[in-house]
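Below you will find the structure I want to go over with you.
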Amino acid sequence: MTTSIKQLPDIEQVLSGNGACGGCPATMALRIVGKALGSNAIMLLTPSCSVASMGMTPKLGYNWPAINICFATAGSSGSGIAHALEIMQEKGRLQGEPPTVFCWVGDGGTYDIGFQALSAAAERNDNMIFFCYNNEAYSNTGVQRSGATPRGSFTTTTPAGKRQPKKNMALLMLEHNIPYVATATVAYPGDLYDKVVKAKSIPGLKYIEILAPCYLGWQFDMPETVQMSRMAVRSGAWLLWEADNGKISFNNPSSLIISGKKDAAPVDEYLMKQGRFKRLLKGPDADQRIAEIQGDIDREIAFMRERAKITF
Amino acid sequence: MTTSIKQLPDIEQVLSGNGACGGCPATMALRIVGKALGSNAIMLLTPSCSVASMGMTPKLGYNWPAINICFATAGSSGSGIAHALEIMQEKGRLQGEPPTVFCWVGDGGTYDIGFQALSAAAERNDNMIFFCYNNEAYSNTGVQRSGATPRGSFTTTTPAGKRQPKKNMALLMLEHNIPYVATATVAYPGDLYDKVVKAKSIPGLKYIEILAPCYLGWQFDMPETVQMSRMAVRSGAWLLWEADNGKISFNNPSSLIISGKKDAAPVDEYLMKQGRFKRLLKGPDADQRIAEIQGDIDREIAFMRERAKITF
Amino acid sequence: MNNMLELRINGFGGQGSVTLAHLLAQAALENGNQGQALPFFGVERRGAPVRAAVRMSPTAIHAHSQCERPDYVVVMSEKLTEAAISEGITDIGTVIINAPHAVAVKSHATWQVDADTIAREAGLISADGPFINIPLFGAVCRVLDIPQNIMEQTILNKWPGNNGERNLGAAGKAYNTVTRINK
Amino acid sequence: MNNMLELRINGFGGQGSVTLAHLLAQAALENGNQGQALPFFGVERRGAPVRAAVRMSPTAIHAHSQCERPDYVVVMSEKLTEAAISEGITDIGTVIINAPHAVAVKSHATWQVDADTIAREAGLISADGPFINIPLFGAVCRVLDIPQNIMEQTILNKWPGNNGERNLGAAGKAYNTVTRINK
Amino acid sequence: MKSVTKAYRPISWPTKGAGGDTGSWRTHRPVVDIRICTKCQFCWVYCPEAVIDRHEITIDYRYCKGCGVCALECPTGAITMEKEE
Amino acid sequence: MKSVTKAYRPISWPTKGAGGDTGSWRTHRPVVDIRICTKCQFCWVYCPEAVIDRHEITIDYRYCKGCGVCALECPTGAITMEKEE
Amino acid sequence: MKTAQVIMDTGARAAALAVKSARVDVVPGYPITPQTSIMEAMAAMVENGEMHARFIPVEGEHSAMAAAVAASAAGARVFTATSANGLLYMHEVLHMASGGRLPVVMCNVNRGIFAPWTLWADHQDSFAQRDTGWIQYHCSSNQEVYNTILQAFRVAEQINIPVMVNFDGFAISHCLMPLTLPPQEDIDRFLPPHEPEWRLDPAQPSSFSNVTNASEYAPFRQMLSDDIMASIPLVKQAAQEYKDITGMWDGDTIDTYRLEDAEVVALAVNSMAAELRLSIDILRQQGIKAGLLRPRLVLPFPAEDIINALPQNAQVMVLDRNYNFGHPGGILASELKSVLFGRRNDITVKNRVMGIGGIDLTRTYMATEIRAMLDD
Amino acid sequence: MKTAQVIMDTGARAAALAVKSARVDVVPGYPITPQTSIMEAMAAMVENGEMHARFIPVEGEHSAMAAAVAASAAGARVFTATSANGLLYMHEVLHMASGGRLPVVMCNVNRGIFAPWTLWADHQDSFAQRDTGWIQYHCSSNQEVYNTILQAFRVAEQINIPVMVNFDGFAISHCLMPLTLPPQEDIDRFLPPHEPEWRLDPAQPSSFSNVTNASEYAPFRQMLSDDIMASIPLVKQAAQEYKDITGMWDGDTIDTYRLEDAEVVALAVNSMAAELRLSIDILRQQGIKAGLLRPRLVLPFPAEDIINALPQNAQVMVLDRNYNFGHPGGILASELKSVLFGRRNDITVKNRVMGIGGIDLTRTYMATEIRAMLDD
């Protein structure tokens, strides 16, 4: 059973009055993650909105020991800390429950510039949780395309809408054969919480990706963060699943879509709400381009449905 | 039908008297690749045995225009050349049949330090063939582990045998949704030739990985290069397949193994032949460790059999 | 204009301070002078305090620092008045405040304009509130003695066609209603 | 030993020139001197020509260059004799050649040893051919007047236990059969 | 660990309001009508700023940025966004 | 393209024997017994050095490294590896 | 004949407009503050057809420079831009560009470097690349950015050495100023089409940068060192011809202000050097015979021009916006002293580091500092 | 009391043995010629239990340095090693290590850089990192490599600045020489356990290197610059105490040979400086009063010690194995001139670049060059 909102613990690791935009999905997600991880954790951050939000020296808006690192290095920096903690524990220089090492990284730092270090850490299966909060663009530098930007989306470096479909990063991480992979999004905090709690209990590299609809990049109204997150799931544009030692299971409501018990909502409404698709939806070939995006989503659903059947 | 040996063209792009070791699988493979690509191609190389073999300034042992690049950059350098050729052609500065751009990269430059640039080029679907000749280690620097080194294998940085299984790079590239992915190995030159010919005809990013058993790193006798390659396929440790627009098909003899028409040879004999597994096979837990490796192979076969069923 | 004139804009992120600075620098050029707009960028988000510098000069502008002690301070939101003044202004400087009612800074000559109301009445509105930078531009032009036709031309150059009437109306209204409160 | 002595080994990749250089440097230490082994590494593969330098000296060795004009040249394969000499040797230098029969370099004092046969007879063989570095080590020690017990101790230090008899036998045989051919 | 942390290293310490008194960013203020509120805690869980007390459903206006997420997500309409003065 | 390639840039040109006269690396030499040979071209296709003539099945000993692959792969045993002098 | 057009635009856009008028072929790019606006402008220009080129949205700066050098080796005219950590991340490939003699032109929008993070200007990023073998300009106005990019392409392609055009983040990149755009035909006259004497060409196969023995490697490096020095007359010539064609002039290797009779000479680069003109005026008003020497070309270091320009017995006040770690001051001061040694013993050199991490450098502050330095 | 042990081993192995005796916790590593042997030795020592540490086989050098700095921030004692392009690829993270004051120690095994590829030694790689804020030693023997790594950890951890220990590829790294290993208890006495005054610690949460306003950023940088200078006495102290404990001495900031009465002073670093002693002897035999000054510490540049050590009116012949692009010679010569300017006008500085890409530097060659320089 998914943890209910009322069952979530009180602990707050994100302090009020940080520098994020109002309605920020990254901060929203991090609050829930904090409830699951607790305070005995070490955080790594690559340049991103979450860094711009965390406060300027000497103020810190998160209640963890945290290290800012170079953009391309979340995976390898995480390994450095994980190994340092383990050896210091072995040598008796650290006592008590070992802290959880976690990377808190945007889609840019995960899909693009940080993919190599992440992939290598996964191959080594080093002990950390790697979170990607995915707002589908480089928001902090003013919304440029990333490998996570979906086809058709406007960014300042795809002024006519992105031509390529996005990478399926969670699948790629799954195919790295790591012990735990999960997807989540802010509209489903209990689901996110449970996944983090589970990841925390597993040794090795865990990857959790959180869809984070960002009003600035996606161009919707600030209060609608959670709504967009929900619509993404309901339209099947974002699937909630987890894979425990390679075994995929889907979570509600995505499981209903996958099993065919419920149809995914058509993608139109979801797209219409977002200014980043406006040019595309206003163009003469709007129908065709919507169909293209719908096609991407349908394929993804069908693919994941089949892929989930492969188990050992 | 696979092209027969006698049908292969005469053209030689690898010149005699280059600097590779005797029996070098990388050079062997490159000769066949040359027959398929012809001379109208531009080659990119990252530091590797193939660079050490290509001759020292001002001598060149390959008959292509070729550029040595920084180790982490095959994907992005390939993109630079592909785009440069296209725009110069559009602007009328280049005439005639556009050359094929191809990267010729070791497993180190593919699985590890070059994975990010490759993944990004795949996301952009830039127009090139990316070859990985996989000798399962950093041979040029004296045989250290790479992400392609299989579990149990000795290298100088895994003196007790590598603990982690290798990445499944061809699968990862397949899940990047690029138009063509294939695996090959030197014992099956017609198969390799056909795959390269096909890749050449497809626009976008094509990935071809060639298993390249290297006597120095694998520690077998120099004349046995082709034999090891054949044993790898027969034992199922290496599967021959290709994926045309995501549709996987298996090639002989792997197709027989996949379809169950033929059993894969047990892995023991293949391992025994290789000094790199010697310590493992002599240890007290030899049986268990062989079983582990056999398990990796069986899982891979079963997985690919199922994965191939997913098509659209 | 004989000497270089410096002006600072203090506002909140999202109020359009960068556009206002650009308009003023462009107006200087339109008016036969050199102009410069130099916003200060930080990690700030919509809603956080921001600032921008503007310079105008009959001769080439070499200055590239932030305006430490400007001749004019434009306060885009009344709330910011105190903070803006304490950031620096020349002793004989002038303050231009966006406020719905007459306000004055004791130490300095003060002008006031109700940019919110003017913008709203002109229909220059977004989800976040009125576009106050257009009326404020009008008001500042008036205070700086930039002719109204130059002001109008600058707006038309920036947004040819697009909303022309409304923009000119709002800017003109502000040009004509900005009021000197003290000194 | 009064002065620094320099020696170069010329061989083919795979013949064990690095080990031979190491053994010689170690023998120098064992013999109460300072020793240095400095192989030259290139992109060469097994079978390609390679070289290594060795220095011995009663006092600290500061030299770190390749041996340009060594006092001794060890030629691990007869085929390489000419090339080895032309790489440089002092005018009064000595050449030690591995060859099955007596060969001599006209210009220089020459010693010859049949390291292949000695190694083969001692059973020091791999797929690629005999391990000739052990007999060559014995031969060079003899030419350099390094006592046989020092030579033996050096081998035992390097491969304690392991093949001890065979190694000592082969090295000793070479020590005693290396022959001065001319001068 | 030695006791003194020297200031030569760029270290920061947990502080409320690390982004300033972010309440000043608000253009609109969420106001809870506690009579309608069912204490479902939706507003609490979705508030990115952690400024809602989960039991009392009161808001710390010093830091509330006025994003309006709470109001939109409140299933009973107990929260309204009122224009700031 | 201008006609002169200046030497200031590290450029190399296709050359046989770019790795030297690699025939000298051989410890063993492949010798073809043409009477047994069926001209299947296996040796030709697997030779990494491209030193076998596919029709005549003759070997360019200047560059043949003596790896022995051809001998091992020859289905008829037509190639033997003989020790070099 | 068309005449020049005057617009108002930012330094970042000025850069993009110069790249467009240089008819660049390939632009790999990656965002980083404060450079991002250049890449955004390039993406837009390519997309809307204003410019016939390819924009490659790579996944990081190491790849950006890799794509740039490879495209250059294929024969294209190539531009990219970056800042701070983006530049640092490219470091390995910067060495490749110069060693391989590939005439890439890049803008670096100066920003202080990590750790810790700052977004604002200082010059550690570009100065830390001084050993990579790139020619480096440092510009002090939007117009100079525009002009210099065009001159940079010319010099780079004449001598086959990559060129970095530096200017300050925000103070220039985000500063809106009047900008004169010469007619395209004038630009075309100034900057001929790129016709590399070597490229990757299947018709004449040759390879680039194989492993190289010392006996060949050493001369390549010596020629690189020599040719970097030999770029000085080309830089002067480019400035002069650009002036002849467009009428615009920013100095050649150096730019000076009230220098002739100066007793106190301020030396600095980039936007702070523009502001320094005002400090010089202040000091003159205070009765100090001050003057300004601004190296526009920072690498190669224009030693002869500086030595010739410095008045007898001058006190040179070097204002560095960077640290020369391992020495007590900044890099410009050390460079200057090293070239004056044994040649101008009459000169006194004093040095302060300032403006680090974006500290605002006002005319009054700098005038005060210079006054204080008189007592150093 | 145990006594020192003398073995024969290579420079690369000497480095690994020093790391072992320093009781290092974490070693991220990536192979590159000629450094690889260090990493191979580390991997073996960790695997066979000789050393209680973690070896992290990362996928590239940018990651190697990232893992190193992160492990250091977590409180571990950290070592890594690289060469040439590996070092260049780390560049961005090198800046982070110094800016963040993380006392990582790294060996760089000097090798010429790409493009084109060379495998052999010159010093462009380490000298091109002179602006990254690392302390840099350059060593001229296997024993010095061993000794210096231990001294480096001490200095790094005292002042919280990373230290690079450089030595030549092959000439040192692959050169087998006698090596004295002091008893472990002596090493332990010399190098106390690493007790960082700050680390990532959930019990006292604090964060590292947030975005920082100029007003805070600038002082951090100033302190870094100051503290690099302040490491000089610590370097001397470390050398002295190491000598007191082990009896071994390689010089402190500088090492000299026959310098006192020298009229001609050769100045160089690394293994060529060892060979240079023999050149000095040759020159003395030829009647030239030659002497050697070898900076062992290259960054911070030991200006005072050099100024004090140089005999009156000496001609200093700087033999650089690197280029100072944008100037006509090498970096050491420029550094030297910059510190002599205005302080030692009696000195003449002459300079040649040599040994690039591995050109062999023999005693006779260098003696001949120095003779020729007398006429420069």
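In this document, chain identifiers A, B, C, D, E, F, G and H correspond to the written order of the chains, with residue numbering beginning at 1 in each.
Operating definition for what follows: contacts are C-beta pairs under 8 Å (C-beta built on N, C-alpha and C of every residue); 3 or more make two chains touch, one makes a residue touch a chain.
Note that this is a predicted model, so its numbers are computed, not measured.
Any chain bridging chain F and chain G, meaning touching each of them, is among B; the list is complete.
Ranking all chains by how far their C-alpha centres lie from the centre of chain F, first place goes to C. When chain centres are set by their Cα atoms, the one at the greatest distance from chain G is D. For this structure, the chains sharing the highest number of C-beta contacts are G-H. Here the spacing of chain A and chain F, counted between their Cα centres, is 54 Å.
With centres set at the average Cα position, the gap from chain B to chain F is 23 Å.
In whole angstrom, the spacing between the mean C-alpha positions of chain C and chain D is 87. Taking each chain's centre as the average of its CA atoms, chain B and chain C sit 63 Å apart.
Shared contact sites, meaning residues of chain E that touch two or more other chains, fall at 10-14, 19-20, 22, 25-26, 65-66. In chain H, the positions touching at least two other chains are 33, 57, 59-60, 62, 75, 85, 89, 92, 96, 99-100, 114-117, 119, 201, 205-213, 216-217, 220, 224, 360.
Multi-chain contact residues of chain B (touching two or more other chains) are listed as 19-22, 51-52, 54-60, 62-63, 68, 70, 72, 111-113, 115-116, 119-120, 123-124, 147, 221-222.
Interface residues of chain B, counted against chain F in their complex, comprise 5-6, 8, 10, 12, 14-25, 27-28, 31-32, 53-63, 186, 189, 221-227. Contacts from chain F toward chain G in the complex involve residues 1-6, 8-14.
Only residues 25-26, 28, 52-54, 56-60, 62-64, 66-76, 78, 92-93, 96, 200-202, 204-213, 216-217 of chain H touch chain A when the two sit together in their complex. By the touch rule above, chain D contacts chain F in their complex via residues 12-13, 45-49, 79, 128-129.
Against chain A, the residues of chain E that register as touching in their complex are 10-23, 25-26, 40-42, 44-51, 54, 60, 62-63, 65-69, 71-73, 81.
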